[in-house]
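In the two assemblies presented below, subunit A is common to both, partnered first by subunit B and then by subunit C.
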Partner chain A sequence: MLNSAKLKNAGSRIAISAIALVLSILVGAIIVAALGKDPITVYSALFEGAFGGALSLTGTFNRMIPIVFAGLAIAVGQKCSVFNIGVDGQILIGSLISVYMGAFLNLPPIIHIPLTMVVGALGGMLWSMVPALLNLKKNVSVVFSTIMMNYVAQYLCNFLIQKMPGYVSNKLATPNIQDSAAISNLFPTPWGINSGILISLLAVVVIYIYVFRTRAGYDLRAAGFNRHAARSAGINIKKNVFMAMMVSGLLAGFAGSTEVAGLTHCLVENYAPGYMATGIAVAMLGQGNPFAILLASFLFAGMKNGAPLMQMKTGMSNQFVSIVQGLIIVFICSENFIRWIYIKLKTKKKVRENGNGSN
Partner chain B sequence: MGVIEYLVMATLRMGIPVALTAAGACLSERTGVLNIGLEGMMSMGAFVAVAGSYLTGNPWIGVLFAILAGVAMSAIHGFVTIVCGGAMGVSAQALVLLATGFCSVGLQLVFNSIGVSAQVNNISTTEFLRPIPVIGEYLADLSPIVYIAFLILFGVHYLLYKTPVGLRMQACGEHPRAADTAGVNVNRLRFLGVLISGALGGLGGAFLSVGSMNLFQEGMIAGRGYLAVGAVIMGRWTPVGAFAASLCFGFFDALQLYLQSIPNAPIPSQFVQMIPYVASLLVLTFTMKNATGPAASGKSYSTIAGTK
Partner chain C sequence: MNNENYIVQLEHITKEFPGGVVANKDISLGIRQGEIHSIAGENGAGKSTLMSILFGLYPQTSGTIKIKGKEVRFSSSGEAISMGLGMVHQHFMLIPKFTVTQNIILGMEPGNKLKIDYKKAVEEVRALSEQYGLNIDPEAKVSDISVPMQQRVEILKVLYRRAEVLIFDEPTAVLTPQEIDEFCGIMERLREQGKTIIFISHKLAEVMRVSDRISVIRLGRLIGTKDVKDTDERDLAMMMVGREIVLGGGEHQHAKEEKTLLELKDISYSEQKVGKLNHVNLGLRNEEILGIAGVDGNGQEQLVDIICGKLKPDSGSYTMLGEDMRGRTIREIKEKGLAVIFEDRHKDGLVLPYSVKQNLILGYQNRPRFLKNRIFINQKELDKNAEELKEQFDIRCGSLDAPASTLSGGNQQKIILARELSADPEVIMAVQPTRGLDLGAIEFVHKKLVEERNKGKGVLLFSLELDEILALADRIAIIFKGEIVKVVENKGVTKEQLGAYMLGIADEEVAQDA
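So, the complex of A and B:
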């Protein structure tokens, strides 16, 4: 099982992600310097806000929960060569449905909690079903339809939030969900990490098994790798693309419902935390492997958590984190270039060595 | 002003930025490079135009800077997708992210504010047209960029269909290997297409900020870059078609603005605001029938990635 070829492959893939990360940090440092601030101060403030102390670490772990789900959602889609950029809209709808389930029903927690979470997740799946169907039946580009659905979700949610009974006008938010639907923290403060993290860990394992250890996952990946070859092998491409969108939407819905059930307990108008963009960065950095995505999510959650402290201490806008995120995606996309340079350097070295040897 | 006049003017004002971007996107997609990140290029264009106008006092310099910013961003996209063979959709999302970040950081840097810039000089009217009888008033109330846009539409159409370069570009998008065998430098032409799309995207964004308003607000692009990509599909990948489809979206945009201005409207404002997006989705669903894009659209042709 663990032979040297597999290890080498894994090693080179980790190296690519690590190089992309380092390059992004360097370019980020250049940008910071160009804006007249000291990169070391900025990055250390970011680090402190992310990992320095119990409260910061707790915040990072809590922020990780929706990011892991968003990253998994994007990754599952990518495994089938489907780019589901409707995750933002699916998260919103999932959150909204969770609020409906959580705030207006009165059930014992043992029923209420799973109901809130799962029905919320199904809401996300429903929202991804529309672009999936349009693609299946009418051949509408998934990329375009999912983006449009994001905007529709935004406005629809704003409307439904305002019309919800119990609308809290000074918070511009829905009423809170009942206590029976909320999931508690694992430890008392200051280590108040929410139990949603256990659900996200479970999701990582389940998705890994689904994608890499089941027949259905194999079909999914085959359809993503090479449609023609997969079709010749009898794999139904359309069905697999549809399934990928469904699972992706379900995961996005879980991002919304775990956040509502564990952290926010309500939904505010114009909520746009940008989990999709982070999800894309995380899925790319983790190169589609759920466990690597978990690690990458921790890193990005740290960046997001540390950004406000960085802004307070150094005046650097917290959108700087978006720039680093974007850079990471760009560098990972250019992974072929990094590999090419590496091979060039290696062959140059070999030629030089052989030249010396033959003399 | 009557409803018809308002709708026509608003359609032009809302549709031209999308149309400019769509013309560029059409060119880029015809050479085989999907550029979904035009939303980011429009954002950068909008911000840089305002910043340029603020720093130099001349909005035209701002527009020039915006075009350059669009070119710079699309150069990154071009390098990643054409030279390195990276995934085009992902690279595009990265650019949108970078653009959002740069605009935000830039707002803080140049204007020392969060969310919205100061008001700047703009070019929202074309005064020398005002003396024209009857329609002069209307013609003058449009930014010069509107007229430039029509010229650009003619230019792109001519380039694509009437020049050898344009025909070679189309070949790159249909079957790059065949074009390469015939001696066409596929990647250079693709790069050219991407750079032009970036320039036009920047110009489109500049129109939104400096041509019809006089400031930059975060999120002011509101998905118009994506609508431009949809317009290309609707227009069956022809510049004129994409332009016309964009003006259609502009009409829906104008309609929702008009409906919002009616007091005590029966339709809630959120549904009205949804109109451009739902409409574009519906139109695309029902006109998609036999729409096929350039055969090699979205596929890289790079030596480094081994897809050559």
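So, the complex of A and C:
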């Protein structure tokens, strides 16, 4: 199955993401310098906070979990040319439903844990189903409806959190979920990586198989690449768009439920960790490949984890990480520009190897 | 005709591109003043490269160009234009929102730096249009005028810049048969006014019709230059491809056991209150090729969409193999036994980012053969299928895992043919199946369609090329204003007769002219 054509294609795609990453880091360095700080010091502090030591690495791995899910959610939508930007809202609803399941039921862990996780995820799927149905039945643009649903989710959650029995007013949060619903860490401190990471790894594998190895995935991608040809081939476009939204919402729901069950154990008002924006960045950097998204998520989680230390040590605002995140999105979008650089580098290499060209 | 009075001379032109591709190998030819000289060759033969070099788009690797006896070396097309060369491109370069005049004067506006003397420009354009009998309204907006009119605007652009030598790149590709007649008239008028014309084309019928001399290029080399009276289409085809080309199906008897495969009765369809199909009656039998002839825009598009299931007719019945197909999904109709070769292979026929292998099962990915446990794609069968079809249909590609976008037009069409025909359909609907293809590829498509017919299948052939229909069809149905106005056996019917039916001329009048 592995042959030179596939390797060449993979090689150039990896190169493009790598170049985009390098360019973002370089532009980031320019910004740092423009602010009067030394880029090397800043990036070192960031690196240290991300990967330097057990506690840092643990933090990075834990931060990675919702980012992986968010990235997968965006990527699956993208495979069918659907722009699901309701992921933030879907994560919120998923988290809220998980809290309901986790806090107010008393069940043995063997039932409680899967129940909390799965029903929470289904909550996310429910939230994506509304825009999906509106699109299916009434041709409402997914982009608009999902943005609206984010707002609805935000205010609905705030309202329901406040009204929840056991509301913790000094934390502005829901009560904690029961211990029977919580998922434990894999190792004792300082390596307290949450077992949610295993679920995210499983999701990566499952989604990879779904998108790239099943017939449903074949239909999904065909519909995403070329609606006309897919339709002419008998593929039901509307059904595939709907499926993409549902799976995307489900993944977003898992982002919420794994975080609640594993790390936060509750939901606070006005919770806005911005996983969707990071999800978009990792989905793009990973160019839609679940394993690449996993890697990209690790990188971004590292940046997010290292930001507070960077701020503390160098005074560079931790918003800087968001800037780099945005730069990556910009550079990946300018894929043609990157390809041009890549081809320029390749031909320069070839010209040097061949001596004189024929022009 | 003028004697050795060369206005353009190309001497030993060679062009090598970085990467090793030699597009032109030692080509020498002379264009006489006042002649119409055609450069014929397959796609990729090197004729466009040669003309690009002449027009200054890029320099030759070696060799000289002489204009009116003087050696020139262009570093831009601007220089070529100032030496009296003009190129009318295949893909128009017009701004739809601008008027005809605005497009023509773009880059050469009369007046001073502050104000364009638009009125003067309009008058100049009108005068030119009259001089050459082009009948263009200088103030019309380009988006409002027809395709042949837009082409004339391109011609005017070139004449406005005082071109003496006009290079036309595949000009008839976008024209209907009637428009081609008008175009040939324009070429005559240009020649009468003393212009020299270089006509790049692979459409041999037209090349034979308008040229004084023809140069054939194959694989980068000049095969020969002949006077039009010393050659014919078959000879040119052989020079272009290197071997005898046989198009069409040859003699064929009707099937012994006749059955109707597909039947449309009284089909009507309108779009936004505009009637597109008006009580269409059509029947396709087994072991036949039924050609649908007609000028573009007479309902063919809607008919194709109804047959494949993209549109639902307003009224009438549609049956295939005895079963009612009205209201069925595209997939259901396909699974019943209809294979379609769509007009636009990039839009409807292929998912270009998918590999050749993946495209070879597009539309058939639900078949048990290609599935494992009903959910997973059976990669091994996919690979096997691709190897088999590559062999059977001679699909030329670097690797079967390469994206379909990397293949040539002819090979892309082979993917579609291979996929659709190997699925063993009962009915094949081919819509403009040889559009944009090389002679070699056209021959291949025709051969395959005839093979299917001989196997007992029914082929519905929609084509705007009358030659193609006459070469392949057993019966011909003519569509005019959404109606099937006539169905004839393809025995002794002429192009003129078909042309008349296509224009809606009634039977009695046609019989009189025949």
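Note that the second predicted complex is superposed on the first by the 340 of 359 C-alpha atoms of A that agree within 3 Å, B and C clash if a C-alpha of one lies under 4 Å from a C-alpha of the other, contacts with A are read in each partner's own complex, and residues count from 1 in each chain.
The definition used in the following text is that a residue touches a chain if its C-beta (ideal position, glycine included) is under 8 Å from a C-beta of that chain, and two chains touch if they have at least 3 such contacts.
The model shown is predicted, which means the values in this text are computed figures rather than measured ones.
Touch criterion met: A:Phe320 reaches subunit B, while subunit C stays clear of it. In the superposed pair of complexes, A:Tyr218 makes contact with subunit C only, with no contact to subunit B. Of the two partner chains placed by the overlay, only subunit B lies in contact with A:Trp340; subunit C stays clear of it.
Using the contact criterion defined above for the overlaid structures, shared-chain residue A:Phe83 touches subunit B, although it does not reach subunit C.
Within the superposed three-chain arrangement, the count of touched residues of subunit A is higher for B, of the candidates subunit B and subunit C. Touch criterion met: A:Asn158 reaches subunit B, while subunit C stays clear of it. In the superposition on chain A, A:Asn139 makes contact with subunit B only, while subunit C stays out of contact range. Once the two complexes are laid over each other on the shared chain, residue contacts for A:Met284 go to subunit B alone; subunit C is not touched.
After overlaying the two complexes on the shared chain, residue contacts for A:Ser12 are found with neither subunit B nor subunit C.
The residues of subunit A lying in touch with subunit B in their complex are 31, 35, 83, 85, 134, 138-141, 143-145, 147-149, 151-152, 155-156, 158-159, 277, 280-281, 284, 316-317, 319-323, 325-327, 329-330, 333-337, 340.
Put simply, subunit C touches subunit A in their complex at residues 16, 18, 61, 308, 310, 329-331, 334-335, 340, 342, 347-354, 358, 362-363, 365-366, 370-371, 375-377, 379, 398-399, 401-402. If you check the complex, the residues on subunit B that touch subunit A are 36, 76, 79-81, 83-87, 89-91, 93-98, 100-102, 104-105, 107-109, 114, 222-223, 226, 229-230, 233, 268, 270-271, 273-274, 277-278, 280-281, 284-286, 288, 291, 302, 304-306.
Subunit A contributes residues 1, 3-6, 209, 213-219, 221-222, 225-226, 228-236, 347, 357-359 to its touches with subunit C in the complex.
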